[in-house]
Structure formats: structure tokens, C-alpha cells
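Here's a structure for you.
Here the chain labels run A, B, C, D, E and F in written order, and each chain numbers its own residues starting at 1.
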Amino acid sequence: MNTDALQNLADPAVLFFFLGLFVGFVRSNLEIPAPVAKFLSLYLLLSLGFKGGQAMREAGFTADGVKVLSAAIVLALTIPVLAFVVLRRRVSPYDAAAIAATYGSVSAVTFLAASQFVTDQGTPAGGYLTVALVLMESPAIVMAVVLATWVRTSDPATAASGGVPPSPRSVIGHALTDGANLLLIGSLVVGYISGADGGTAMNPFVDGIFKGLLAFFLLEMGLLVARQLREVRDIGPFLIVFALVTPLVDAALALGIGTALGLSVGDLTLLAVLGASGSYIVVPAVVRFAIPEARPSRYLTMALAVTFPFNIVVGIPLYHAAAERLVG
Amino acid sequence: MRPVKRVELVVPAPEVTALLADLEALGIHDYTAVKGVSGRGSRGQRGDDPFGTFDNTYVLIACEPEEAERVVMLVRPLLSKRGGICLVSDAVWVRH
Amino acid sequence: MRPVKRVELVVPAPEVTALLADLEALGIHDYTAVKGVSGRGSRGQRGDDPFGTFDNTYVLIACEPEEAERVVMLVRPLLSKRGGICLVSDAVWVRH
Amino acid sequence: MNTDALQNLADPAVLFFFLGLFVGFVRSNLEIPAPVAKFLSLYLLLSLGFKGGQAMREAGFTADGVKVLSAAIVLALTIPVLAFVVLRRRVSPYDAAAIAATYGSVSAVTFLAASQFVTDQGTPAGGYLTVALVLMESPAIVMAVVLATWVRTSDPATAASGGVPPSPRSVIGHALTDGANLLLIGSLVVGYISGADGGTAMNPFVDGIFKGLLAFFLLEMGLLVARQLREVRDIGPFLIVFALVTPLVDAALALGIGTALGLSVGDLTLLAVLGASGSYIVVPAVVRFAIPEARPSRYLTMALAVTFPFNIVVGIPLYHAAAERLVG
Amino acid sequence: MRPVKRVELVVPAPEVTALLADLEALGIHDYTAVKGVSGRGSRGQRGDDPFGTFDNTYVLIACEPEEAERVVMLVRPLLSKRGGICLVSDAVWVRH
Amino acid sequence: MNTDALQNLADPAVLFFFLGLFVGFVRSNLEIPAPVAKFLSLYLLLSLGFKGGQAMREAGFTADGVKVLSAAIVLALTIPVLAFVVLRRRVSPYDAAAIAATYGSVSAVTFLAASQFVTDQGTPAGGYLTVALVLMESPAIVMAVVLATWVRTSDPATAASGGVPPSPRSVIGHALTDGANLLLIGSLVVGYISGADGGTAMNPFVDGIFKGLLAFFLLEMGLLVARQLREVRDIGPFLIVFALVTPLVDAALALGIGTALGLSVGDLTLLAVLGASGSYIVVPAVVRFAIPEARPSRYLTMALAVTFPFNIVVGIPLYHAAAERLVG
């Protein structure tokens, strides 16, 4: 694992993440304009989806694909329940539901960094992993919203306050039409339909300059994490520990299931990363609306300022090393 | 020149579409909006967010006093549920 | 601290250069401008336009009351021909 | 035509246009930041001009080039007159002039999509087509402004209202210095002067990532069209029909002239597309100033929400199929 | 509904971080900020700067009258040293 | 030199600079959105640093590298002193200090244009030139701030006015944490650490599309220079002449030192460009804070509206021709 980790740390995209962290810590005036950062995040989703769709078309639906997707669904349903059970005694039930959604769902940027890593290690993963990413995005959110509704109705204070919670219909509408979600799914479909010619034409954009734009985005992520870390004290030691231990537990779960199913090293590593990562794009966009009682200064900060850098720096090479031990 | 009310709102960016539709239903069609606004309030720091989830939008509405009252009625529950502020001040509208 | 007028304009973005030149000619040099502003008025929805043709710009001018009158005189025909609004309100300017 | 059309619909750029339409229809929160969308439109004009200039330099001024440019000028002068004659009894004369300018001028994005299409079909067009695009951009605008001035002076209400119309000098100044127009012409000149070395150096930018950025822009165009379509009812059935029939008539005119001149399939298709497309960048930028009495909710909505998608989805493969029948 | 002061500042963009920290120290935590603002004042034309060095930021603070006085005290030296303006006006805050 | 200069003028990036100038002069409505222009300037710094770091790693620290860096330090310490001595009798001492910092420091964009030029001429420079760029960025600023402090303390008016000048500590903090500076240094380090694999992965981004994005940025620089030139009268004839003669003097100084050290044509040309160019990114960002008494309408306008276009159009081919004469 040592050399893996070192190689990961010498990857330019990861190094630019560190540069962003450093620049943020010394409170430099460096700033990526917000419209550009938004564009970069849309670009990453579009490219990720498109390339996943292309890979799906090339490989077809293999037995491995079916296994990975089954494992992904099991993880997406198990992780939020586990998280909620652990959290509900320690934090408000709304925060517990939101954090459960965060870890049950996935981080596309972490997934991207991990995909590059396994490819660089000579153990690439199948295109169906992108489908797994899409599949795991929403179930945890729906579960969390159901939990929050259940908490809300069984809580006498809510009824008294007279606040009208968002209707289940509008919540599901929000979850399904969330821009990041739709762009990822849509690009997957476009990539699938486009065929080889379309793939060749799009390749310099979605693949050639991909590493560079990912590096630029990780620079911005470093700046953002440095800013968020200043508020990390507010979340308290319990939640910090939770944000560091959960990825390990969830990755172990994924590695266990995936090994039992006989996945390859690359697939297994990415499945672990999907389990271990927490969402900071899609989940906040929906939970903000669906569970307004939950505090983004908790669920968002945990995913962004603690779990994301942990996975980038320690997690990805660790899960890969474990996968190699288990099935390599 | 006609005395009007200036209603200023700072609201979560994702709420603006629904807010404008609600204003429309109240018969208040005209507004000006500035996107990508950051700030701090009772819900903590907001804005400068690469995913646009926690940005604010600033909305300015020049209207008759009685329309301003309707706007205030409409936005009050929104502000308490989803955050934001509403200020009302006086101005003179240059008619053309 | 000196009482001044706050003149607020929302005008079509492509008009701003000419407007500022005209203000300059009136002896009014100072202003603040916010670009990329959207809105709705008597000419329908404006802004969020990928070609920049139908964006608005918000302009704020703090000035003496008599200067404000000159600004109003100047912008009135512009507003009726090309669209936009003009609000005038009171403020105190913190001298430094 | 069937397979052509299917192939066009499987093009990733066109698919992203559909994705944008769909995402806009379900009222998702997906948004391309406006500064990025502006950059993409500038990028497309710059690349289009640069590559056109390069092609001109390589091919020189051929007999085919002269034919295409003559046909382009004839179209640019004929189409606005036809349109104005048809429209003046049905809508206000100012709206009629503005719509005439819209259809007499051209859409660079439609032209780009069509260029890709004819290249993909193995029937590429000459570099002088870009010069034709530039040539067709302005004459219709000048004619429309002249028409509007004539209407204005012969209308007693105008004199009474005391409104001072923009002077012809300032109108022509606006038309000539419009940013989109200047960037396109300037890039054409730069491409022409740059020579082969410059072309090679610029190639990964203006050509390599072109398809990807076009796809991204068409995603935004889809979102924009979906937004505009909500207001399409305001323009009424007559103008909707006009916006669907005009491209067919104008394309037929272009195909007739082009066939008589003996153009190749690629040149003929693009000439038809130039005739059939309506301007929603340059024309509104000038007409907004020059004919303030005209309503953009009519001329812009027609070009953007009706004619543009019609040409992308139906028009381009249709004109190509016709061109193949005629001269293929 | 409570009467408040609207304090508006236009300051050099690179000063905003320090300014907000100073306001924080004064107990004034809440604000709204609009970036990328251009303008002209005694120090000449500012904004539209591809390196961000000479952009302005617009800051709006709704606060109690006595807080407004503290803000004014704080910003006065900043304005004279580094440029910018400060306007104070009246508004009603819609409580929720 | 004639053909050199012509070749430089036919470079697409330089041609787009002229296009921007022209478009700005005719007061077109063409505008590159500010967030995009900021992104482009960050991109150029990132690419420049990364490629410099990669080149350093490949070549190691050669004797030539040591010579270039020594010469760079000598220039960075000499130029501001010379400039201050010449200026202090003609302008306010604060303006003199700020202008001295401007010309003692360097312009990364000019350096980029010159790097492309020497490569196109078949006389590429070593990667350590980028290190020289970094080394020359700050010393002049520190010297200018020291000079300004000395002026301030020896000026009775200051004490009377009671204005508290920025503390030396905060000034050095500003200079060291300036975003442009940190990004350039950080990217250099990232490029150095990344190694060959990282370089290959980043190449399409930092190299492939580089020329195109540089061209786009120079288009924006042309627009900016055209805007600034409208205010150039305010700086008066003495400072205009200063802004044209200083680059020649500083280049001559650099050529002299470099020739004595036996540098190659490419290294010598870029050293001259570093001497001759004035900073309009890093220096204003620090001096704005550190010497608030100085007027950007002087130091910034001189560097941006006079010296920058002079170097791009005349200076670069001139210094290269001189270098060829001297050591070619």
C-alpha cells in the first residue's frame, strides 16, 4: 500500500488539491470565480456520465455488471439505516436523517479521483460502475426523507408550531429533477446512444483535457475545504470521529460484499469508494429543501471538510490495497 | 414621480423560481434580481458555493404600498422556513 | 455625514456605456454598477441571456438633490424608449 | 433521409440539445452560469471564423467559392423582402421588419451543427461557406432598418409622439461594431493570415475540443429553448406556422439557386441551412437598438424556440437528403 | 416589522475579508455581499478587471441604529485610506 | 529581425491581441465576461508553472540554470533602484516606488508570448527560466515597500495626517500570499513532483489547448489595453516615454549580463523579456495595499497600456534578433 499511496500523492490532480488546501490555510486572496467552479462541476458530471455510457455500450451488460449493481443497491439501502441508528441518540433526528442520506449517497468527485487511480494502477474498473454511482445517488435520500417525515409526524412540537412540511410529492420531484442528478443520468444515456463515432468526436473534450480540468476543480475543492475546516469545530468531536470512521466501515462492508461476489480489483475498489464517500452535491441540494430542519453546517461540513479529504488522501489507496489483498 | 415602496429580499437561490411564481399569482409581475449573492445571517455563512446550493439571490421590487403589504404577507412564512431577509423602504419612482 | 439622494437605475445592459457618457457630460462622474442583472417589467422577462443582448445592469448613484434632478431629466426619455426603471430615495453619506 | 436523420439524432451534440430541452421541461434547477454560456458562444464564433479563414487560405478563391458567395448575396437580399411582404398585413410593420431581418440573416450555431453533419456524412463543404455566413449576416438587417425608417416617417403617429428614432449613422455603427459580428469576421481574418503553423498550434483548441464545447452549448440552448417555449403561445398560431414554413421555403429557394449553379452536396446543404436559419444573436443585438418598436418576444422567440430546434432536428437532415437527390 | 438602518458599502474587493472580520469583532455578524461590482469615484474607474485587483464589492447590512453608528465609525478610516463609499438609509425589517 | 517580427505578427495569439485592440478602439459591445477572463489568467499561471516544473525535473539543475538564476536576481535588484533614481525627481516618491516595483518585477503573459516565440524560432529556452520568472516576481516589490516606508517616515506630512501605514509584517504577508504568486509557485512545485506520467496526463490541458486559450486571453488583453489607452493622456509625456524606454534599457542590461555569462539564444531572449516587462498582475495586487498613496492610474496604465503592447509587438522580436547577433 505504501507505494500506492505515494503514487496517489504524486498525482497532479491530488497535488493541486493539496495546493488549494495550503493556499486556503494561509488565507491567500486566490479565488476561482464561482461561475467557473460551477461550470467545472457540470463538466465533470457530463464527462463522467458520457464516458460511463460509452463504456456500457462497448461492454454490454455483463455478469460482473449485474453483480456490481446488486451490491450497489444493497449498500445504498444498508448504509443509511446503519448511520441513522448510530446517530439518532447523539444528534437531532433531522440531522441524523440528513447525515444518513449523505453517507448512503455518493460523491462523484471522489469516484472520479478513484477511477483515475485504479486506471493508473493498471486495474481499471468496468463502465457499469458509473451506473452504480447513479443508482446509489438517490435511495438514501428517499429513505432519509421518509425517516424525517416519520420523525416529524411523531413529534408533538411540529404539529404545535404549525409549520407545513414539504409534501412527499414535491420532495420526490426535487430529488428526481435535481440538476446534478439529471445531468449525470442524461449524459450516461447520451454516451450510450452516441456510439463509437460520437465517442471519438467527444474524446478530446471528455477525456483529453479531463485530468487538467479535474486538477483545476480539485484546486477549488482544496480552497473550499480549507474554508469549511474553519467551521469544523462547531460539529464537535463525535461527528468528526463519525466522519472518519464511517468511510472505513462502509468500505469494509462494500469490500466484504464485493469479495463474496468475486469482483475484480478495480471494480471492488470503486465499490468501496462508493460506499465510503459522502455526497456534498446532490444530497444538500435535495435535503436543504426536504429536511429544512437539518443543519448544513453539520451534514455538509462532515462530507466536504472531513470525509472528502480523508478519502482522497488515505481512503482511495487504502481500499485499493485491501482489494488487492482480497482478490488480487 | 410617484411615491412607491422598495421591497428588498435576500433569499436562497433555489427558492426564487417558486417565489416569483407566487408573486405572479398575487398580481405582482415586476422585479429585478441579482444572482450569486453571498452573505451571513441566522443560518450561518452562505454563497461562493461551487454547486450553487447555498447561494443567495437579491430581489428588488418597486410597488404600491398595498402591494408591498401583500408581498410581505407572502414572504414571511418563506423567510422563517427557508431563510432570508425582507426590508421595506420608501422611494420615488420616476415615471416615464 | 451629509444627506444625499440615492438614484437607482435598472437599464438594458447595452445602453450603459452611452448612459454613463451622458452623465459624465452632465458633470456626474461617480456611480456603481452591477452587471448580469435579470428582471421583469413592462417589456417582459429579461436576463440570463447567453448572448448578453437582453441583460439588465443596475446602476447606483449617490448625489446632491439637484444633481439627482438632472439625472432624472436625462434618463426619462431613455427609460421610455429603451426600457428600465429609476427610483430615487434618501440616504446619508458618510463623509471620510 | 431516414438514416441521415437517425444519424443526426445520434450525434452527441444534438443529443445534449435534447437533454437540455428535457431538463428544461421538467423545470430542473440545472443552470449553466451566464458568464460561461457567453464564453461558449464567443468560443464558437472564434473557432468558426478561424477555421473558415484557414480553409479559405488553403483552397484559395475557387469558382465554387464565387458561386456560393453570389448565391448567398441573392438569398440575403431576397428573403427579407419576401418575408416582409408576407408579414406586413398580419403584424405591426415594425415586427414585420424585425422578423424579416431575422430570417434574412443567419444562425451561426445552426450552421455549425450542419457543418458537422455534412462532414460526418462524408460530404464536407468548402471554407468559403463561412465567408457566405459572414456575408449574409448584415444585409437583411440594413434592409429591415431602412424599411422601419420608411414606415416610421410615413406614420403620422410617430411624428406626433415626438419620439426621436435612432439616426441611420448610429444604426449602421451598431450593426458594424456588434461584438458577435466583429469576432466572427476578425477570427476569419486571423485564421486566414495565420497560415499552417498557426493552424496547427490552434488546432486542439478550435477543433479538438470543439465538439465537446458545442455539445455543452447545445445543452444550454436546450434549456433556453425550453424556457422560451413557455412564452410561445404569446406569438400566436400564424407566427408559429410562419416560423416553421419559412425555413422550408427559404431552403427550397437556396436549393434551387444552388442546383442551378452546380454546387456540391455539402455546399448546397449549408447554403440551404443559411437560407433556412434565423438569427438570434446578431439580429436582436442590432434590432433591439435600431427598431425599438419591435417586440423581441416575437422575433427572438420565433427564431430561438421554433425555427432553431426545427432546423436542428428536422431541417438539416432534410436539406441534406434533398441536396443528395438534386446533385448527389 | 421593526425600523432598522440599511448600511450600504462599496469597497475594494480585496478589503472585504478584513472588513467582515472587523465587523464580526464589533458584534455585527450579518451582511449580504455582491461581488464583481464596477464603478467610478474619486480614485477613478474600477472593475471589469481580469485579475480581480481593482474590483469593488457591494455590502448591505441591516442593523439597529446604534449598530449602524459603530459600523460607520469602523469604516470611516478604511474608506479614506483604501477608498469606497458608505450610505445609510432607513427601512423596515419584516420580522419572521 | 524583419522576418522574425513578421512571423511574430502572424502568430494567431498576437493577431487576436490586435483584434482585441481594434474591437476596443471602435467601441464595440464585445465583452469577455470577467469571471472567464479571471479563469483564463489563472489557467495561464497554472500551465506556465506546471510546465516549468516538468522541464526542471527533466533537465535537473544545470550550470546554465544557475547562471540564469543569478542573472535574474541581479536584474531584480538593479532595475528597481535605477528606476527609482530616475523617477523620484519627476513624480511623487510613492508613485516612483510603485513604478520601480512594476518594472523590477515581471509580466507572466509577456513571458508566455516570448516563450512561444523562441520555440517557434527553433531556439527554445530552458525550464529554469520559469524559475527565474518566479524569483524576479517579489524582490522589487519588497524593495519598493521599503523605499515607500522610508519616504513615509521621513515625510513630516504623514506623521501629521495621522494615517497609520500598513505594517511591514502585513505587507510581507500580502506579498507572499498573493494568489497569482502562490498559484505560479505552487504549480511549479506540482509540476516538479508530478513526474512523467502526471505530465502526460496533464499535457492536453496545459499544452494542447494552451495556444488557443492564450489567444483568447490576448483578445481580452487587447480589449483591456484599448480601454486603458483612453486614460493614457493622464500619465503625461514623461511617463509614456519612460514606459517605452525602460524596457529597452532593461533588456540591454539583461542582454549584457546574459552574454557575459554565455547563455543560449533562447535563454538570453527570455532573460531580456523578464527584464523588459512590467508587472500588471502581482505588483498591483500588493502595491495597492502596501503603498496606497501610489496611483494605479499611473503604474498600472504604464505597464498595461504602453509597455505590454510594446513588448508584444516590437520588443520580443527585437530582443530575439539582438540575442542572435550576440551569441547566435
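The rule is short, and it goes like this: contacts are C-beta pairs under 8 Å (C-beta built on N, C-alpha and C of every residue); 3 or more make two chains touch, one makes a residue touch a chain.
What you are looking at is a predicted structure, and each value in this text was computed from that prediction instead of being measured.
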If a chain touches subunit A and subunit F alike, it appears here | D, E
Along touching chains only, what is the step distance from subunit B to subunit F?
-> 2
Among the chains, which has its CA centre at the largest distance from subunit F's?
-> B
Reference subunit C; chain at largest CA-centroid distance | A
Expressed in whole Å, how far the mean CA point of subunit C lies from that of subunit F is 38
Using mean CA coordinates as chain centres, what's the subunit E-subunit F distance in Å?
-> 33
Which subunit B residues sit where two or more other chains touch them?
-> 14, 34, 36, 52, 89-90
So subunit F residues touching two or more other chains come to 27, 29, 31-36, 38, 180, 204, 208-209, 285
Chain-chain contacts, ordered by label, are A-B, A-D, A-E, A-F, B-C, B-D, B-E, C-D, C-E, C-F, D-F, E-F
Complex interface listing, subunit A residues touching subunit F | 10-12, 15-16, 19, 22-23, 26-36, 120, 204, 208-209, 211-213, 215-216, 219
Note which residues of subunit C are touching subunit E in the complex, please.
-> 1, 4, 6, 20, 29-35, 60, 62, 89-94, 96
Any idea which subunit E residues touch subunit A in the complex?
-> 14, 17, 52
Write out the stretch or stretches of subunit D touching subunit C in their complex.
-> 32, 34-35, 37-38, 40-41, 163, 180, 217, 220-221, 224, 227, 231, 280-281, 284-285, 288-289, 292, 296-297, 300
What part of subunit B is in contact with subunit E in the complex they form?
-> 8, 10, 34, 36-42, 47, 56, 58, 72, 75-77, 79-80, 85-90
